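Quick heads-up: structures coming right below.
Next come two complexes, and both contain subunit A; in the first it sits with subunit B, in the second with subunit C.
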Partner chain A sequence: MPLLPPRWRLILAVVLLVSVPIAAGIFWLFLTGVFDRVHGLLPVRPPSADNWRFIWEGVGGRPPVRIPLLNSIVFAGGVAALEVIVASMAAYAISRMSFPGRRLYLGLVLVLHAFPAVSLIIAIYYVLRLLGLFDTLTGVILVKASLDLPLGIWLMKGFFDYLSWDMEMAALVDGMSRWTLFWKVAMPLVRPGLLALGTFALLSAWGEFILPFTLIVSPRSWTMAMYLQTFFGEVFMDFGMFAAVGLFYALPVIGMFLVGQRYLLNIYGGGVKG
Partner chain B sequence: MVREAVASEMPQVRPGRPRRRYGVPLLFVAPATILILLFFIVPVITTLGLSGTDLSTITFRQPKWVGVQNYHTLFTDPFVGKILLNTARYVLLTLLFNVGMGLTLALLSTSIPTRFGNQVRALWLLPRILPSVVYVLIWQGLTREAPFGLVSDVLGVSRNWITAEPWAVIILANGLVGASFGMLIFTSAIRAIPSDLFYAAAVDGATTGQTVRRVVLPMLRWPILFVTAYQTLSLLTSFEYILLLTQGGPGFYTTTVWALHAYQLALSNYFGNVQFGLGAAMAALLVVIGVVVSLLYLRVFNFRELVSEPKVEVN
Partner chain C sequence: MKGIRVRLEGLSKHFGKVVALRTLDLDIRAGEMVAFLGPSGCGKTTTLLMIAGIYQPTAGAIHFGDRRVDHLHPRDRDVGMVFQSYALYPHLTLFDNIAFPLRLKGQRPTEIGPKVRQTAELLSIAQILDRRPAQVSGGQQQRAALARALIKEPQVVLLDEPLSNLDAQIRLQARGEIRRLQQEIGVTSILVTHDQSEALAMADRVAVFSTGELQQFAPPDELYHRPINTFVAGFVGHPPMNLFPGRFDDGAFAIGSARFPLPPTVVRGEGTLGIRPEDISLGGDIGARVLIVEPLGREALVTAAVDGATMKLLVGEHARPMPGSQIRIGYRPERLHLFDAVGQRAS
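And now, the complex of A and B:
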């Protein structure tokens, strides 16, 4: 609001108080991962490297952590790359070309954007089995990228809509094909959009749980989310290691948050669904 | 034949040919179309199809068509009332928290200097961008018995709060994630209010409370409607945090909601026999609701404006 209320300091205090639980949660994760024993938010024993032994040895019959870590990197990277490229191509066509069925296509994208895709999980399981992609990283990458595609197309269409037509027109008159123009002229111009969608896709895939949990079985294809999930419900939960694994897994996200919170705020504030 | 062969070897088709109208755009939308067909359209049909079969672990090789029998089984199940009630409770209470908290945060964080406001909003974004398993791990840790759990410390009662108060934990855990959605949308809506209105209100001697009630809230009517509508649908079908927090327990169906029950019937092996057909029937109802409601959104938000023709035609 353009005029700050006279007692904005009081409001600031209230809003900080309300936000304490979130900060406390992150703080707890950090402390519990680092120290041997933590009561509430109070470390009662010195830091322990034992919490982190999952890095150099397999624990509790789980595969060594580098396997799910690598899988998560491949998964998140694959999803982001696929989503950005496929969504941009479709968005460019919808934004820039006239073809029969264009309105219908855009309508479909909009409906699917609002449609809660998680309700399809049972059928997707079945479809992946039929395609022979069940229990493969490729299968889950395809599914995750597809389910986020309507959002991506919608987002990228907005960016292409804002491009000035003159430059494209000049290129077309000079005899450049639509395909070359897309890659050489249009894509570089929407770089902010590509970056936004890419960041969103990376974060979303990195944290994804339900899809890999449902569509992957073999430990060699586990992602970090599944690896961490196996610590839930152990009879004697070692919260120190549990939190250390969680911290290890969340580190890229926390890092990105510390570096670019303004940027993330813009992306998520810009109509990305949640 | 010869002409066609030559034409197909040439990458560029001469202008004026009717196939060009389809050719190039088709190339661009083909990958997206294939993925949408495979993982949206086919699954919608598959869900409906499977819901009419008796597919289960026992009948996996030869499923039979049973028509509406699954739906009949579903609505004569003695626990369906409990699950419906749980679903209503989950959706309504979480929605109330999400929208209320989102609105509160938007109002508060726009009433302080922008740099503080941004930091507060960024902090509230954390639960959303944190991997869901890590987020639930934090909840597990904070709600443990004393001396470990912070909640037990603060309340002075040592409990495992997830087993003691599963609903409170589920609604809060979902709510802290969901609130940021409303917060961001309401914030941009507040920022879009012309500043003249605020100055006019101030000149008229309105207090902050009056300004919020008479100027800001009326302007937020549409965003509030949008957030409520949108989150109702996503909450109805979501079960991730419940699955991770309580798995539908403790005890018998205590926190099992519709979407979770469908998932567990069809895909998890706790009861030995996976009832794929029955789970699909439950999911089919959600899918139908999802399709109908999403189509409704299209009508509400001005579709014609969104799909205005592209500026220039050359193909």
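And now, the complex of A and C:
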């Protein structure tokens, strides 16, 4: 078996070295979740299921875990669906049609993409109050989807830009309206982009903390990130259960990533054209 | 199915400040095959896309028979179109590609199936209908694109450089096939091409475009034998016609100090003299020096210098001169093409 050339061995060593803290963190999370008590990275008591009892019972006055779990699924799914549909429609229009203000719109989308969303949170709070959507999942879904849309639009525009004009003309001559053309020809052909954006939006919404944390109060609307947060900052902190909840929260993401990683890689294949 | 008459009246197209097509009038007969010929950027594709309904004309009207269609959506015009890139839907099989226009018309699968197979049979692609475009050859993709254009039995078929992505050998074969099919069906067809041999071989009449303007609209023979201006004269014909700027006076044409006798003519003053390489023969009273000899198989293309001007002539294989040698050449005066000072044909 051929060995790596020396230069690559060096790069590999550096990569391994900088990965150690992250790997150690994940290792700690795993150990602490599984064993009842851990000193540093050394388990001092045998494995126990006690850390995991939050799965079958409400712990410390919190709602049962299935409620935040379901909320997180609805939240991530809603954000992803909304983002994929709206972003692809907007991106198609920008990529294919000429309308007054197109360049301005493109510029605004780019500026919004760069804008730190957290600084808007007070304004968003008032808007949601006004719309009666404060403290609801619907409200947070709308906010999260809109804040992520600029990236989605920009990403999808790259995919639509690569579609051949000839094919769209052929579709029009074949008898399609612009609307059927969009759904039957353009959308199937940017499927890699839709999958990439969908996976990306799911992961991003699943990990979202600050928006639900500020815009949701009632425990019945908690997401998993908020649920996990409640294990923080108690007088007595149960590291074991905190780690178990963390693992529980991270497992779907790991699963999604394993399934979706090749779509995610497409994000860099979409390219950008002005 | 029967073709329909296509009339373009005062058609023009501007893209911002750029004039892609200046006022164009064209009358295409029912069932005729017409070629739009010209270099790239001459307005031929723009015109085709306006007929298809992809572009809106800036001014003018398009009539299919008695029906004015320039304000109609492409799907209401009843045209079929083949693109240079074929523009097949890559995510669908050839069957679904060809069936697409019929499905959009809302026909039932029981009607569509037989029609698709029949059209595919006609174009000899019936065996590969379950494959996707990427799994078949360029020639087969081209046939599938043609089948998709023909299946809805359109009144007009538009062909945008349909052969230029094919290998030279298949191109010749496809050329004949498209022409045969078109005559069989009798559908009015418009072929856009920059390849003059394609235009001359396939079309009943050829419209030559240059810089957004129609130059001449005539049958291939007329285009070749009576080009209407210096552009058509230089563009149509291979190898191209020799064109000499000079002066007409007193029954002769002067290039520098050399004088070429002409038949009696009304042209006077500045002008251009044209003569095709095949109309110049060896043996005559004009002396010339051979510069280059390019063998073309049956003939050879000779570039010769005559008193400062260079000209090209075709000679047979038995009389091939050597480069650097002196030859004598002649021409039949009735084979000359005379153009006036602004390049229009005189006489």
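Just so we're on the same page, the second predicted complex is superposed on the first by the 245 of 274 C-alpha atoms of A that agree within 3 Å, B and C clash if a C-alpha of one lies under 4 Å from a C-alpha of the other, contacts with A are read in each partner's own complex, and residues count from 1 in each chain.
Heads up, the rule we're going with is that contacts are C-beta pairs under 8 Å (C-beta built on N, C-alpha and C of every residue); 3 or more make two chains touch, one makes a residue touch a chain.
Note that the structure is a prediction, hence the values are computed from the model and not measured.
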Checklist line | Room on subunit A for both subunit B and subunit C (clash or fit) | finding: fit
Notebook entry, point to check: After the superposition on chain A, what angle is formed at the C-alpha centre of subunit A by the C-alpha centres of subunit B and subunit C, rounded to the nearest 10 degrees?
Noted result: 90
Next item on the list: Considering only the touch criterion stated at the top, classify A:G246 as touching first (subunit B), second (subunit C), both, or neither.
Entry: first
Next item on the list: Using the touch definition from the top, say if A:M169 reaches subunit B (first), subunit C (second), both or neither.
Entry: both
Margin query: For A:I26, using the defined touch cut-off, is the partner it touches subunit B, subunit C, both, or neither? Pick first, second, both or neither.
Written below: first
Note to self: Between subunit B and subunit C, whom does A:T214 touch in the aligned arrangement: first, second, both, or neither?
What the structure shows: first
Margin query: By the touch definition at the top of the document, which applies to A:S177: first (subunit B), second (subunit C), both, or neither?
Written below: both
Check: Just subunit B (first), just subunit C (second), both, or neither: which does A:L155 touch?
Finding: neither
Checklist line | Contacts of A:S146 with subunit B and subunit C, given as first, second, both or neither | finding: first
Next item on the list: Of the two partners subunit B and subunit C, indicate the one touching more residues belonging to subunit A.
Entry: B
Item checked: Minimum C-alpha spacing, chains overlaid - subunit B and subunit C, in Å -> 5
Check: Which subunit A residues lie in the overlap of the subunit B contact set and the subunit C contact set?
Finding: 169, 172, 177
Next item on the list: Under the touch definition given earlier, write down the residues of subunit C that touch subunit A in their complex.
Entry: 49, 52-54, 73-75, 79-81, 83-91, 100-101, 104-105, 145, 148, 152, 158
Note to self: Help me check something: in the complex, which residues belonging to subunit A touch subunit C?
What the structure shows: 164, 166-167, 169-177, 180, 185, 188-189, 191
Checklist line | Touch list for subunit A against partner subunit B, complex | finding: 1-8, 11-12, 14-16, 18-19, 21-26, 28-29, 32, 38-41, 85-87, 89-90, 92-100, 102-103, 105-108, 110-127, 131, 142-143, 145-147, 149-150, 153, 165, 169, 172, 177-179, 182, 203, 206-210, 214, 224-225, 228-229, 231-232, 239, 242-243, 246, 249-250, 253-254, 256-257, 261-262, 264-265, 268-269, 273-274
Next item on the list: Please give the residue numbers of subunit B that touch subunit A in the complex, ascending.
Entry: 11-12, 21-22, 24-29, 31-33, 35-36, 38-40, 42-44, 46-47, 50, 104-105, 108-113, 116, 118-134, 136-142, 144, 147-150, 153, 176-178, 180-181, 184, 187-188, 190, 193, 195, 198-199, 202, 208, 211, 216, 230, 233-234, 236-240, 243-244, 259, 262-263, 266-267, 276, 279-280, 283, 286-287, 290-291, 293-295, 297-298, 303, 306-307, 309-315
